[in-house]
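Worksheet for the structure shown next.
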Amino acid sequence: MTFWSDPDGFLGNWLIHLLAGIGIPAGVAQAIGYALGAAILATGALLFVLFLIWLERKMIGRVQDRLGPNRLGPWGIFQSVADMLKIFTKEYITPTGADKVPYNLAPILTVAAVLMVWAVVPLAVTVYGVDLNVGLLFIIAVGSLGEMGILMAGWGSNNKYALLGAFRAAAQLLSYEVPMVLSLLIPVMLTGSLSMNKIVMQQDIWYVLYAPLAAFIFLITSIAEVGRAPFDLTEAESELVAGFNIEYSGLKFGMFFVADFLHSFTISLLVAVIFLGGWRGPGAETYPLLGFVYLVIKTSLVNSLIIIERASLPRFRIDQMMDFTWKVLTPVILILVALTALLEKTMVMVGLGAWLRTGIMFIVNIALLFIADTVVRGHLARRPRPDVRGKERPVARPENFFSQPGSGA
Amino acid sequence: MIPLSWYLIFSAALFCIGLYGVLSRKNSVAILMGVELMLNSCTINLLAFWHYYVQVRQALQMSPLVFAAIIFTVAAAETAVGLALIISAYRKRQSIVAGDLDELKG
Amino acid sequence: MTTLQIIFLIIAAITLVSACLVVMTRKIMHAALWLVLSLMGVAMVYATLQSGFYAVVQILVYIGAISTLIIFAVMMTRNVMEDVGPQSNRGWGLAMVGSLILFAGFSTVLLTWDKVQTNLLEIPAINGENIQMLGLALVDPMGFLIPFEVASVLLLAALVAAIFLTSDIKRSRS
Amino acid sequence: MNTQLLLWLIPLPPLLAFGVIVLGANRRNGLSTALALGGVGLSFLASMVVFFRVIGIEDLSEHPIGSAVNWLPTADTWLKVGVQIDPLSAVTLFFVAWTILMIFLYSVGYHNFGQPKGDHDVPGLPPHGATVKDGHGSHKVMSIEPMYARFFALISLFAFAMYLLVVSDNLLTLFVGWEIMGLCSYLLIGFWYAKDSARKAAVKAFLTTRVGDMFMMIGLAALYSITGSLSYQDIFGNEAVMHALATTTSPVFGLSWAGFIGLLIFLGVVGKSAQFPLHVWLPDAMEGPTPVSAMIHAATMVSAGVYLAIRSFPLISAGWEQGAPLTVPMVVLTAVGAFTALFAATIALAQNDIKRVLAYSTISQLGYMIAALGMGAYVAATFHLVTHAFFKALLFLGSGSVIHGMEHGVLHTGAHIDPQDMYNMGGLRKKMPRTFWTFLIGGFALSGFPMVTAGFWSKDEILSGAFNGGHIFVFVVLALSAFLTAFYTMRQITLTFLGKPRTKAAEHAHETPWTMTVPLMVLAVFAVSAGWAGIPEAFPGLGGLLPNWFEEFVGSMLHNVHGEVHHSLVPLFTSLVVALGGLLLGWLVYRSVDRADAADPMAEPLGLAFVAFKKKYGIDELYQLIFIRPAEWFAETFTYKWVDKRLLDGILHSIARLGILLGGWLRRSFDLPVINGGGNGIARGTRELGSAMRGIQSGRIQQYMIAAIAVLALIGLAFYYLVFMA
């Protein structure tokens, strides 16, 4: 069991032996080992956020045809470190009448919610926090903890706008949780278990090929869960002045900011694990770290997709957003789940090959997407749009022969 | 290695605290919280006995688990309807103090 | 006293204290938050009982949905965020005495009842919580299909009721 | 038509006439007259045919012709009812038929048939004349009787009753006829029911006859209960039955049953024929129209009584042989008859009303017949019955035409005098010659003018019967009453016809029309010729000329009593003296009366006696005192005031008061406190319980929960204790 074949186990044993050596009983050492592992994972993730912030600002700059931060350090890589230091030194201002407990607890809870997801994600064939057989469910449960944090923030800061922001955020998160959970049903159906490792193990054929529509919907709903880009109504500057984290300043605001970026990276990680096969790749089983590299690549791909999507799409209106989830996403995903369950069973009974089934399901998903699109488009067209155009005002035109209507081309 | 009685006593304590909450709190929502606690204590009991039976019978026991699932759904449904009632009562009466909502008085 | 017992006691202590606070605190919002903590404690107790699935479901259902709902309700039904006056009604003394008596009764019975004293040991995973089997049991007509369907109908009814009760905007207009 | 069928048919026509008149023709006088006369005429013809067929038969009394019909089922046998004709009923039928016919004819004229309707005639009052305007001014004329048809209906019913009585072969139908006659007498006496006196007289007549009928009924009942039948053949014709009746003694006064029943029946006769104790009704019966008085006092009613007495003679004389001492009933009959004869004769002396004189004379003549029967002079009594019917009917109709003439005069002069009072008359001989001569014949027949009139022969028979029978005292009494009869008859004739008219109305009296005087003449003929049928052989001179047909024809009825009758001249001589003396004296005394308001010449010689006679011995007042006033008192005060008002009402009122008291007490003691109280109590109790329990439902949910927990704890404790400890 060398470091390369089972880095996690190797390190673990090494640590335990070390502690045993200095007289700590095995149980305690085991506990310390677990704690140490958790600490490493958590801090690693948090520090990684700095790189994410930088990456995002660079890409958005590129999208907006500008350079992005490039002053501090080569290509501005120290910009985010500078921001971090700035935030550390900022003064904590707590609004009067703020509800101490929820006000202070909120940022902690939000970050904790995001970090807890990492516990379950299988980074490599042997490197994973814990192999819960209800891993996927754990992720969703932890997601709901995040909402709790937002609610506490909104409530604790004793500010009407914060409260409204919290309400909107909670409503959005709750609503989008439904399609997200349903979309996760399909991989669960295919793998037959909720445990993340099993899902990854099962993905000989990436599930994205099997159920592209489910993956797409999962992506959309996850972005909504985060509250990013098109769905970032919670801290929409133009309307609610940064939403629920108005009253926060200093590191608490930093925490929210970190949570935000980390969460976006986490969901891309989830997408990669569940739909893109996680660390699956050639040679991944033998060299766990190689699996880790595959995972990072896939995650960064999805992450960049999210960042580009954030830079390019305008913001939803609150009712459009709600309608979108309840009237479009939920029905589609319900139909999809039913369809896949039905077809999967029949095809297995018929005894088709894995690839054939994947192809068929791919086509079915695309067809369903197309149908849903046409239906929604038709419905929108038929919606009575209030005619807000004013009276036909004469357009200033030169009076000459050619400008007469009907004579020109 | 935790004796079953601990779990039962723990759930009994939780139940009594919930009960006290229900009986004494003025705010209707607090009453609902009390109810939540009591329901949870039941589920604890249930799972404790589930664990006990699996240990004793060395066989798979599904019914307690299904029962627990149903308790969860019932709790969710109950809270939803309860809160809806409280909110509509609040809209009508501008107060959700249990004592005030006593129109059914004899 | 094994570590598991110690952990259980700690969790129990946390849960019971937070439950007491849920019941005692004057501010309703704090009560809600303490409720979340106590539910978290209960989830941990499930974990000690080796029913991981229900621990997670507890978190998902209770904390994720129900507590949120309660907090929503608390926020909507508080006029100008003021928590004045004692939060427990006149009959709290009697209630206290009643619940204490009840608890005394329970504990005497449970302590004296010999059958209950056995220790709960580690149960092998195959007999334990088998989500697969649980799923099958839920939808197996010979098993628990009917209660499952009834529960779903109950949820639907609750959904419709809640929407109907609180959506007085449309009704008032019609 | 054999005799039996004819017999059945005799009573029928008057009944039919009555029915048709009442139901159909009571407004058309002409039709009702025709019907009544037709009905009576038919029965008259039938009875004449039957009479002339029967008189030829020898042994009629042993085998009377008749037939009977089953009428009432009495257990296994039937009560037979039928008709029968024997010598007694044949003779009675003869004179009844004639007198009824004559009365019907007479009443047509009497009620002024054909005259105009009265000006202000009211039904129920006698007609008061009508004013007729013709050539020379208006003058009053007699007006027709307003209830003309009703009168004829009633007398037809009367005729039917008489015929039924005569023709019937048993005592029951006799009694039926008897009662119908009683009814008709009541209706006819009270014909002018608007007159108060008429009404009273009718009631009086009915009630007094009722008294007699009641005893008679008892007699019939006794007879029927003993013999088991009522028909004449079974009783009178049957030796064994008669012997049994005669020998068995009845519980009353030791009389034999025959005697006792005979007496009871005789009491009925006394009532009907107005003998002494029950005679009061007859004079008052004059209130009715004259033809009715004639019918009642001459032809039918009274003679019916005597007919019954004669019919039941075998009962009365059961065990009596010719010449043997009289049986007790016979003694009673003789006493009552003789006394009534004298008594009525004396009263007749002092009467001024022409009809009342005749009424009392009828009573005395009936007394004669009863006395004769009482002494065993069976044939004499029957003979006198027949002759008396003729001349008394004649006298009554004569007095009717006199009154009719006087009313004519009253109408003419407009004077307000009583047309019936003899003192207002006088000198009518010239005004009403036909009436005068017929009335004279009748009067002489009544007083027994020797040789010529029938009355003489029959009265003489009775006197000789009395004398020969050895009843000297009775003979003397009868002779004295014969003298008095002759005297008051002559008084009546002289006062009304002889002398000068004492009032203006008498001057204007007018002869009655032919319809009224023809019956008088026919009756006058009979009043003379009837006597020749019964001239006794032993009569010096005329004895052998005509066979004494009546003697053997009616005598045959007494087939069991054949004592020979020795004849002596003394009764003959006395009757001559008595008759002629009475007449002469009467004429002498009353010749000089010339003023209407003159005192009666006999007043001061008789003095107090005359007053007694005038007041009719005060019998009416006596009865009034003895019977009527106590009865009224009994009815008015005793039953009404005491029993009804105080006793019964008292009882009822006290019961009512008691009831109210009880009700009030019950209400106070039981109803209010217990029931109301109870009810309210329950209501209050529930309300209090409800308000008490209200507290529980305080509306606060937590309170409910606490309660629940408490209960749970208790039950848990109890359960724990029970299950674990026990």
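Note that the chains are named A, B, C and D in the order they appear, and that numbering of residues resets to 1 at the start of each chain.
The criterion applied here is as follows: contacts are C-beta pairs under 8 Å (C-beta built on N, C-alpha and C of every residue); 3 or more make two chains touch, one makes a residue touch a chain.
Every value quoted in this text rests on a predicted model; they were computed, and no experiment measured them.
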Give the label of the chain whose average Cα location is farthest from that of subunit D.
A
Closest to the centroid of all CA atoms, by its own CA mean, is chain B
Looking only at C-beta pairs that count as contacts, which pair of chains has more of them, B-C or A-C?
B-C
Using mean C-alpha positions as chain centres, tell me how far subunit B is from subunit C in Å, no decimals.
5
What whole-number Å value describes the gap between the mean CA coordinates of subunit A and subunit B?
34
Starting from the mean Cα coordinates of subunit A and subunit C, work out the distance between those two points in Å.
29
Roughly how far is subunit C from subunit D, going centre to centre by Cα mean, in whole Å?
126
Multi-chain contact sites of subunit D, meaning residues that touch two or more partners
700, 702, 706, 709
Note: subunit C residues in touch with at least two other chains are 53, 57, 65, 72, 89, 91, 94-95, 98-99, 102
Which residue numbers or ranges of subunit A touch two or more of the other chains?
none
If you go through all the chains, which pairs of them touch?
A-C, B-C, B-D, C-D
Going by the contact rule set out above, which residues of subunit B touch subunit D in the complex?
19, 22-24, 31, 98-99, 101-106
What part of subunit C is in contact with subunit B in the complex they form?
2, 4-5, 8, 12, 15-16, 19-20, 22-23, 28, 31-32, 35, 38-39, 42, 45-46, 48-51, 53-54, 57-58, 61-62, 65-66, 69-70, 72-74, 76-77, 79, 86-89, 91-92, 94-96, 98-100, 102-103, 106-107, 110-111, 113, 116-121, 123, 126-130, 133-134, 137-138, 143-144, 147-148, 151-152, 154-155, 157-159, 161-163, 165-166, 168
Okay, in this complex, where on subunit A does subunit C touch?
27, 99, 101-102, 105, 132-134, 137-138, 140-145, 147-148, 151-152, 155, 158, 163, 167, 170, 174, 177, 192-194
Residue ranges of subunit B touching subunit C (in the complex, touch as defined):
1-10, 12-21, 23-30, 32-34, 36-37, 40, 43-44, 47-48, 50-52, 54-56, 58-63, 65-66, 68-70, 72-81, 83-88, 90-91, 94, 96, 98-99
Which of the residues in subunit D come into contact with subunit B in the complex?
693-702, 705-706, 709
